[in-house]
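Take a look at the structures listed below.
The following pair of complexes shares a single chain, chain A, combined with chain B in the former and chain C in the latter.
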Partner chain A sequence: MKAAIVAIASLVALTALALLSPQWLVFMAMLALAKGVVVLGLLVLMRTGLVSFGQGLYFGIGAYAAALLSHHLHVADAAVMLLAGAATAGLVAALLGLLLAGYRDIFFAMLSLAFSMILYGVLVKSAALGSTDGFNLHARTFFGVALAPGVERRVFLIAGAVCAVVVALLVHRLLGGHWGRLATGVRDNELRVAYLGASPYRVVYVNYLIAGAMAGLGGALAALAVGHVDPEMTYWTTSGEFVFIAILGGIQSILAPFMAATIFEALRTIASQYAPNVWQMSLGLAMLAIIMFLPAGLWTLAERRRRSA
Partner chain B sequence: MRPLSSFGLRAALAAFVFLLAAPASLAQQPIKVGIVTFLSGPAAGPFGIPARNAAELTAELLNAGTVPAPYTQKGFGGTPIELVIIDEAGGPQKQVAEYRNLVPRVDIVIGYISSGDCLAIAPVAEEQKKLTVLFDCGTPRIFEDASYKHVFRTGPTGTMDNVSVALYLVERTPNVKSIAGLNQNYAWGQDSWADFENAMKTLKPGIEVKTSQMPKLFAGQFGAEITTLLGSGAEVIHSSMWGGDLEGLVLQGAPRGLFEKHKVVLSAGEPAINRLGTRIPDGTILGARGPFGPFAPDTDLARWLKTTYQDRYHVPPNYASFKMTQAILGVKAAYEKAKGSGNGAPDQDKIIAALENLAFEGPGGPVKMALGKGHQAIMDAAVGTTKVEGGELKIVDVARYSADKVNPPDGVKSEAWIKSGLKK
Partner chain C sequence: MSTILPVAFDGIAYASWLFLISAGLTLIYGVMRILNVAHGSLYALGAYAACSLAGAWLGGGLPAAGSFAMLLLAAVLVGSLVGPLIERGLLQWMYGKDEVVLVLITYAVFLIMEDVIKLVWGVDSLLLPEPYALPGNFQLGGLPYPVYNVLLIALALATGLAVAGALYRTRQGKVLLAVIHDREMSMAMGINVSRVYLATFAIGATLAALGGAFTAPTIAVTPGIGVEVIVLAFAVVVIGGLGSLGGAALGALLVGLVRSAAVHYWPEAELFSIYAVMAMVLIARPKGLFAAQEARKI
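Our next item is the complex of A and B:
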């Protein structure tokens, strides 16, 4: 019930933002939403105690799937692009997950990183896809309805908000129930879970698949927002950024990834504008401060306030 | 759950409000020019910082009114200019975000070294209706795959770099029979090699391509590739490398005799002169992506840039510096043409109309906005050979090629033009 209220409130707030705010804010909100969805997927995976340093793989697959639809097949519908992004990434995750679900800890992290770097290598070598320069994409319709140039990004933001809220509700249900406790069980004592008759492999596999599909959706959202895809989306620094955001927010709440992604985007923009020569250092210091003072992420602040209230 | 009560969200919100409240430019205020160039990362040293230095120097001297003719008027048409500089590092996605944030704060944007950033920014500039002048990126795809009203590029494309070195090579060694390549495996390296290979095949049909080595970008170590090249038997080796990779190639290749055994062509080698100096072996063919740096014609404007830049930064301006100054002067020329003799500031559409098909004088010589429906510059090309004389690196045997000879006609794609025989 409470989740539904928060969901509706977020949707209303984001729709208002999409309709009323200036273009640059619409764009930043969209990018924050896209990254929030990817990080929420990462959070699902982290519940099983696994950190993927290769979500850029699915982020990139989602983005390229959406972009190729528009570029080569001339399907310029945003809704189709979003679905295709999530579906393609989910499909690849279903395949790679078969292998990855058997690994844990650093082996899982490194293997996931390796797969994302393979895709990066392939994209960089493919001159037909623009190599490192990438290529543009244009979404002109949404569910078949043609959009005016000024309005399209606002519509995409609302679409992104709907996607994000629906996905967040699903994840909330999933993690709040039997499956969520099973995932935590796998993290805390895998052997015990197996003795109780559940399959840790299956839990990890399904969570990996969910994380992959969500990263694909996030990638497609980002591609729609930016209007350009390039191999940087699959590079390890992009994957690292998602882990950064996850740590920034903490993994206790479904809302934390979105909040952290928003703060990350705002922080980066402010740093770029007011400290153009040391913006990376500003981000690094922020990270350091979080790890030192709020090891469980920014969400602890919200938790503390709630407890004292 | 009360998400709004969290400190982080409040801080972010406050920051947003602060950004929203940034003052809009008023009529009497200076003209704000957004400058986007690499301030960090591997491209900052050879290109980004020299370009930023040139931007700061040029803006200051324009405001002081000490730039030679035809740019003696202060600022842009008498109004001083003010720079807002941001970092280009971080990839196209970040650049699109920062560009969108920059647009409300400035009147004109000049920037972008990476072709990927240029390709991503161009459609956004069009959507935002903001005059945006690309100053350095090389890919011809920007105006060949699309057409824009608000986007211009005042530097020539990468096409003429490789066409001009191919012409230079064939003129000096008419019997050249084989070539090989060593280029970074990313869009710039791949495109440069394709242009060079196709140009050589067009100029010398039947030429043999011995090998094309494509080490990954910023590999730094080229031991294996140099061994392959030394064993390839190719007469000419082409490389479009830059920055640390180029230094690595020269420092690792020279002791192994790579430059003695082969004719080495460094199509974008000029920025390395300031760092490597006499360590670049004699007889290396060097390009500067246009008539910039040591290839600049002997004009008041070129002398002005060279002396003022050298005085302030204690190194000569390289091609990135020249191209940045050229972009600012190009916009100034268009601004003043649009303003005419009137007193008010010209609106953006008038400046755009003035910049289209404009011919203006840059520190590298005449610039013509001749391609991409008047949005893409062409310039003469210059190629030279290195020679150490009296302990100093000199560029000798410089050949100039007229802009028309090394650039495709408007409406023809570079790749097709090279393959179809470099014809007009």
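Our next item is the complex of A and C:
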């Protein structure tokens, strides 16, 4: 019930934002939303105790799948692009997950990193896909309705908001129930979970699949927002950014990834505007401060306030 | 047949470079359980310091051969000043945290150092071609090859032997091995673990800077050179089995040869090949080639 109220309120707020705010803010909100979806997927994975340093793989797959639709197949419908992004990424995650679900800790992180760097290596060298420059995409319709130039981004933001809210509600249900407790069990003591008759491998596999598909959706959203895809989306620094945002927000709440992604994008925009030479440094310092003083992420601030109230 | 020799030579030269960087990374991981992302910026810092020091040396009209000493000095300076600064100033408060959190802490350090480098040296490329050209070329299979690469190979060999010798033949090395094996027991036996950590991090940082300092003459030193290096070094140490010096050497050799073969026969696959090797090794041996067995905890 509470979740539904929050969902409706967020939808209304984001729709208002999409309709009323200037283009640059719409663009920023869209990027924050896209990254928020990716990080929410990462959060599902982190509930199992695993951190992927290769979510850039699925982010890139989602973006390229969406972009290739318009580039090669001349399908320029935004809804189809979003679906294709999530589905392609989910498919690849279903395959790689079979392997990765057997790995833990740093080796899971490193193998996922290796896969994302393989895709990066391929994309950088494939002239057909624009090599390091990538290529542009342009979504002209949405569910068959033609979009007037200028309002596309606003429509995409509303579409992105709907996607994000639906996904967030699903994740909320999933993690709030039996499955969420099972995931936490795998994180805390895998052997005991196995002893009690559940399969840790299966839990990790399904969560990996969910995280992959969500990163793909986020990638497609980002591609729509930027109107351009390039190999940088699969580079390790992009994956690092997602983990960074996840830690920034903390893994306890479904809203935290979106909040953290918004703060991250705002910080990045402001810092690169006013301090272009030290914007990375400000991020690094913020990160250190959070790890030292708020080990469970920014969300602890909200929690503390609620408890004292 | 005529190309095998150059491919092997290129591969070994690249492997030497990789080993110089990875040795420090694997040493720090082995002792401190930190996968140090900031290793990439220590590498970059070494390169920048080398440009400044050797540049000043050559600019002062001093004998050109001395610039090699300047490269070494740059690495030692970075290692003994910045290494302890990071360990004492930050990392020593973070021990005992989750491995992934430690990765993120060093990632934050990496972000900070990237900008510090830009603030100190600016964003323009620095060039230091003299030490590279100085030793001249030699002929291999009819093609000229720089003698500098032979020096690089020699340097990597000497470094590897020195680190291995220090680890297995000296008292301090054995103390280090004891700390790796059982930190708490070592403390109980009166070993100053905090000092061991400091020394390890300083040595690791020096090795990273050494790699950077001796790469500086071969490239244009630009912001961002550390970004690429760090994931290459990750690949190498993961292939070798984290924390194993011999593993890092073997990993570097494997990656070096595969990449060199790719560059010669299938240039498009250069980057791809390196990470494909990493993925294949991890699939075959999930903890790398020379991983230590770990007891399963319930």
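Observations
As a convention for this text, the second predicted complex is superposed on the first by the 309 of 309 C-alpha atoms of A that agree within 3 Å, B and C clash if a C-alpha of one lies under 4 Å from a C-alpha of the other, contacts with A are read in each partner's own complex, and residues count from 1 in each chain.
The rule is simple: a residue touches a chain if its C-beta (ideal position, glycine included) is under 8 Å from a C-beta of that chain, and two chains touch if they have at least 3 such contacts.
Keep in mind it's a predicted model, so treat the numbers as computed, not measured.
After superposition on chain A, the partners chain B and chain C are seen to clash.
Applying the stated contact rule after C-alpha superposition, one finds that A:2 touches chain B and leaves chain C untouched. Of the two partner chains placed around the shared chain by superposition, chain C is the only one that A:102 touches, whereas chain B remains out of contact. In the superposition on chain A, contact is made by A:265 with chain B only, not with chain C. Shared-chain residue A:228: touches chain B; no touch with chain C. When the two structures are aligned on the shared chain, A:280 is found in touch with chain B and with chain C. Touch criterion not met for A:148: it reaches neither chain B nor chain C. Once the two complexes are overlaid on the shared chain, A:125 sits against chain B and chain C alike.
In the superposed model, A:27 makes contact with chain B only, not with chain C.
Which of chain B and chain C touches more residues of chain A is settled by the count: it is B. Comparing the two interfaces of chain A, the one with chain B and the one with chain C have residues 124-125, 237, 277, 279-280 in common. The touching residues of chain C, counted against chain A in their complex, run 35, 90, 93-94, 97, 99-101, 103-105, 107-112, 114-116, 118-119, 123, 227, 231, 234-235, 238, 242, 268-276, 278-279, 282-283, 286-287, 296, 298. Taken in their complex, chain A has these residues touching chain B: 2, 6, 22-25, 27-28, 31, 124-125, 127, 130-136, 138, 149, 222, 226-228, 230, 232-233, 235, 237-238, 253, 255, 259, 262-263, 265-270, 272-273, 276-277, 279-280, 298-299, 301-302, 305-306, 309. Against chain C, in their complex, chain A makes its touches with residues 51, 53, 99, 102-103, 105-107, 109-111, 113-115, 117-118, 120-122, 124-126, 189, 191-192, 236-237, 240, 243-244, 247, 277-281, 283-285, 287-288, 291-292.
The touching residues of chain B, counted against chain A in their complex, run 1-3, 5-9, 11-12, 15-16, 19-20, 39-40, 85-87, 89-94, 96-98, 100-101, 103-104, 115-116, 119-120, 123-124, 127-128, 139, 141, 146, 185-188, 190, 194, 216-217.
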